[in-house]
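First subunit A sits with subunit B, and in the next complex the same chain sits with subunit C.
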Partner chain A sequence: MSQRITYQQELQALHQRMIRMGSAVEEAIHMAILSLIDIDVEMAKKVIAKDDEIDDFERSITQDCIMLIARQQPVAKDLREITSDMKLITDLERMGDHAEDIAKHVLNISRSEKKITIPYDVIQLSNQTKAMIHAALDAYVSRDLEQAKSVILMDSKIDKLYQNMKKYLKKQMRLDPENVDPLVELLLISKHLERIGDHAENVAEWIVYYIEGEYATSSEIKKEIKQERKKQEQADQE
Partner chain B sequence: MKRRLALWGPFVITITIVIFSLFSFFRVRDDFIFQTENNLDYVYKYFENEIENSSHESFTFTTTHYEEITSKTINALSDINISDLRITILDMEGNVVVDSDFEPSEMNLHRSRPEVYAIISGEKEASAVRKSDTQGTEVLYRAYKLNEEDIIIRVSRTLDYLSYVKNSLMKYGAIAIVISISIFLILLHFIFKNDHEMIKSHQNDFSKLEQGDLSIRLRENRETGKELKKLSRSFNSAMEKIEQRYLDMERNLTWLEVLVQSLEEPLVVVNSDLNVIYTNRYARTLFNRHIDPQKNPYPFVLLTHAEVLDSLILEVLETKKTIRKEYTLQTAKENTAFQVIMSPMDVDYIIVLFHDLSLEYEARKLRSSFVANVTHELKTPLTSIRGFVETLRTNKNITTSEQAENFLEIIDVEAERLVRLIDDILRLSDIERLDVDYHISDFDLIELLDECLIQLDDRAMEKQISMIPNEEPTFLQVRANRDRVKQVFLNLLDNAIKYNKTGGKVWINIEKPGKYVYITVKDNGYGFSESASKRIFERFYRIDKSRSRELGGTGLGLSIVKHIAMLYDGEVSVKSIPNKSTTFTVKLKI
Partner chain C sequence: MSENNNTQFETAFEVRDLDLYYDTFQALKKINMDIPLNQVTAFIGPSGCGKSTFIRCFNRMNDLIEDCRIEGEIFHHGVEIHDKSVDVVQLRTEVGMVFQQPNPFSMSVYDNVAYGLRCQGVKDKNILDEVVETSLKQAAIWDEVKDHLNRNAMKLSGGQQQRLCIARAISLKPEVILMDEPTSALDPIATTKIEDLITELKKTYTIIIVTHSMSQAARISDRTAFFLLGEVIEYDETDVIFHNPADSRTEDYVTGKFG
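And now, the complex of A and B:
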């Protein structure tokens, strides 16, 4: 009996550590975006330092998961939790890497002689990304299926913003060929932001898997949500 | 109870009936044996008689003799319904001499048989009951010592009747047991039926109670047993009290919850594992974490994104002392400065309050910028005064008194400006300090306006500006500090003249439609942009710094107007169209 209690405690501790890692990633992304908006070199350096912390989290949590599986042989929901956690940390760690990359691009921009203004679209894109990872973390903490599904729906908006951004930057490059360097950096930053959104979507998928016990790809989930909405609309009309 | 009775009742009934049957059986057995003994005595008497009768004929008895008598006796007795008799004649050694049923030579020595042995030992008669070796049934044996002769007469009869009695008793006993138990169980069922139903309904009630329904009360009816009634009554009264107390508690808790939730200050409770276990609504909105930590506790760092706060929590847990520190934290909107207050609770929880410092920071900034502005404004005329004084002293080239006069004139103007500035600063701080003005008197506002217009006439004439007061009203009695209202007129009109083009116009309108007096001063001067109009009432704010100073303004005029308006429960507003017009409206409750 006492062994089971410690097992539950270990699972709980794992969950809390996961949230801590998520929090660190959210912070890193936040800081990366701040450094981007103000072209703040100091902040960018902090983000790069923060990535080591996230990598440490990844390593130690993976270790914890493996130990838990080896010693306790979890089944059913517990096993799902541990496996989805193991997938989740990979996504979280990638997000941290993207934040670090953004910071590096910010450093490049700061080094270039030409000064550029950060377009509003980038700020919008980064805010959307931040909102998405924030919502994904909320869904993870409260294990909320609806919230996780809403995160999956948020990704399409990010994709759209990214496409707009790409078009805008292409136009700018044509208009102002001398200023291509920082514009390329901006394009890459947008790509990283878009990728962070994709990883947040993955996180949401794993949360859905943990709750429902069945793995569904995001397109399936989206279809499902659309169907549900249609039904809802029909019901409303009636 | 019922179960126990149902188990033990039949057991007791069975035991009772069995014991009763056994007693009856033994009683019957004793009686029967006694009766049979009597019968056997009778047989013996008969036999003895026969012997005596025959002894008249001969004195010595031979075996044949005995055999004859034996069969004679048996025959005779079977006629009077004493059947299944067996008579055995033995000598004193225990050897069978004659037997009515068996051949004596085939029989073994009977000396060890208890009845025979008793006679050999000297008894006159003896009986024994046992299973016969030869017949296999229970038999009553009775042996006698025949008088005068040294022989033993043993008469025996089977006790078949007894086994019949035994069988009957067993049969009827079993039937009795079955019937009694059935009756007992049926009675038991009827007696407990009501209680059973009651208990069943109580069970339902209790399972509801288990789920948290405190409104349940135990029912009772006419047939409810006394104990059950007593129990359910005391239970009900206890429940009444518990429910009342629970409701009270709930009300208190709800009240507290509402109180904490509607607090316009973020409040968070953290446990010793550094997990958030409670947040109020304001905290959730501020940090945009809409998770219910009572259901899903999460690490504190997820809320604040500041690991340094975790170590502070640990410190508070250890020292049990409140900590206040200032931190800039990431909130939903922007990074905000907070005073974080962490205080320990009785249990191992920490209450964390985040006191928003942004307003205080703003105030601090304003104060320091005010001081900087004042020093700057004071230093500018002083520098120029000192400069000219220096020039007058050292420069020998200035010979003409005209030139010196000119310099002194400038010094005078600058000194004048310094005095004005200090006056304005004092006036402003005087007004700011007041809640209600002093030196209140009744006066005519229109007359006051005329007075001001006359005072400013020279300056207006210089720039050929015409001042056009509205003709209505001609008299407006107000109650206020006259100097203050005059200050408002002078400042507004002075500005209207100062920042006007040559040959411009100034319109003045006074009206009192209700409680408030509206003073409107409009000019067709340079005007200013909208962004400037937002800041125009700030202290030392100047749209065009150099020009304004040239014109001799202190930068405090409109600020003073604003504070006077505020002192009289009013406000001041401005509408300006660049290069066209500017309109100031002052609302005063006078």
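And now, the complex of A and C:
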């Protein structure tokens, strides 16, 4: 028979608020990318305004977590849920900040006298980052260990796309020094997208911690996944 | 039963295949457990799960219960405690006990602590004085009673009475102290004092405690065993039990989903 009904309801409510904060962050990143692709000033302004909503989520969820710890003294999985949520909201809030920064860079580009074409690689980097965030939040909602681990593997592709983008933009700056200002803005935007990927990776790490009960770094999890895959391949060959 | 066997420790007791029956009712089922020396081991579980019955096995208090039958073994330093060669009085000297309700004798504070030694025939006033003072100091109550040693112990507060009972147990220089819900009748301040005392005492003594308070087990014990319906469901380091228990029944109990 289930007891501590109010406590269970409060934990459920916390989970729902986390999902709503995650949705708000995902939306902000989506809007920031849209504003970038079309150099859409109005959209960029909406992203900047949205950051207050995300910051409010962070503050109120932190307060909820503190009160749950103080009043309910959670242990075991409940404790891991609350502590990992407290870590997660920091990453989500930082992602919101990166979305806001991207929007500010878009405004700078829009004010630039020189007009630039958004390179395809930036769009690809944006899409990959969006996919990673989406997968990380899906893994959070469904508490899916395998999906969380697969999110961690996605980050290396983002890092690679960012390095390619950096090389390309440096080359463009050398070729077209007069256009350096918007190109610097693009470089900074790429860096923000890459950092969003890092935060999504952190989100996945905390989901793994919540489910497995042991904190492992991304590199440890990657190593474990590679070993598992190698074993599986060997078993398939046999 | 789920147990982390990786931890190596010196043992105070080794319990092997212990079954306990009250007439036809089986209260304990195939208990296997090593109790570490100089650590605090907590037993938790819902009412009627067998934890108090189990703690009473370590100094054979269940011998006093009619129709109680025990099968299996409990080794204390290699000696099976039910062996005919074991002197029960000596065992209870080595394995002291503190109960839920403080139970000082209606006599002076001094006489309460000296009682056990006097029963053993110690009459030397100097020895008695020294043991009384040392025991009261170890039980962290000396400063409160040193000027009132002749006062009747029944006039002390509940928390003081419980610490006096601990001093009485310590006076016989036991190796192990069994505590059956020692703070359940005390207020939070007195509880804190007893908990601090337990943490201090484990440097010298092995402590086994039955508690209904999850947070108390989490605060003061090194290892925790979760009992359910006479079985040990999980026994592991306290950090593991309260952070990442292996058995879903332990998880449900410590998180308050039943109990």
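Rule of thumb we're sticking to: the second predicted complex is superposed on the first by the 235 of 238 C-alpha atoms of A that agree within 3 Å, B and C clash if a C-alpha of one lies under 4 Å from a C-alpha of the other, contacts with A are read in each partner's own complex, and residues count from 1 in each chain.
We adopt the following convention: a contact is a pair of C-beta atoms (placed from the backbone, for glycine too) under 8 Å apart; a residue touches a chain by one contact, two chains touch by 3 or more.
These numbers were taken from a predicted model, which means no experiment stands behind them.
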| item | value |
| --- | --- |
| Partners on subunit A (subunit B, subunit C) - clash or fit | fit |
| First (subunit B), second (subunit C), both or neither touched by A:30 | first |
| Which superposed partner A:137 touches (first subunit B, second subunit C, both, neither) | first |
| Touched partner set for A:80, first subunit B, second subunit C, both or neither | second |
| A:213 touches, of subunit B and subunit C: first, second, both or neither? | second |
| Which superposed partner A:7 touches (first subunit B, second subunit C, both, neither) | second |
| CA minimum distance (subunit B, subunit C), superposed complexes, angstrom | 12 |
| Residues of subunit A at both interfaces, subunit B in one complex, subunit C in the other | none |
| Residues of subunit A defined as touching subunit B within the complex | 16, 19-20, 22-24, 26-27, 30, 134, 137-138, 141-143 |
| For the subunit C and subunit A complex, residues of the former touching the latter | 214-215, 218, 241-245, 250-251, 254-259 |
| Subunit A residues within the subunit C interface of the complex | 1-4, 7-8, 73-80, 213-214 |
| Complex contacts: residues of subunit B adjacent to subunit A | 273, 275, 288-292, 295-296, 298-299, 301-302, 305, 330 |
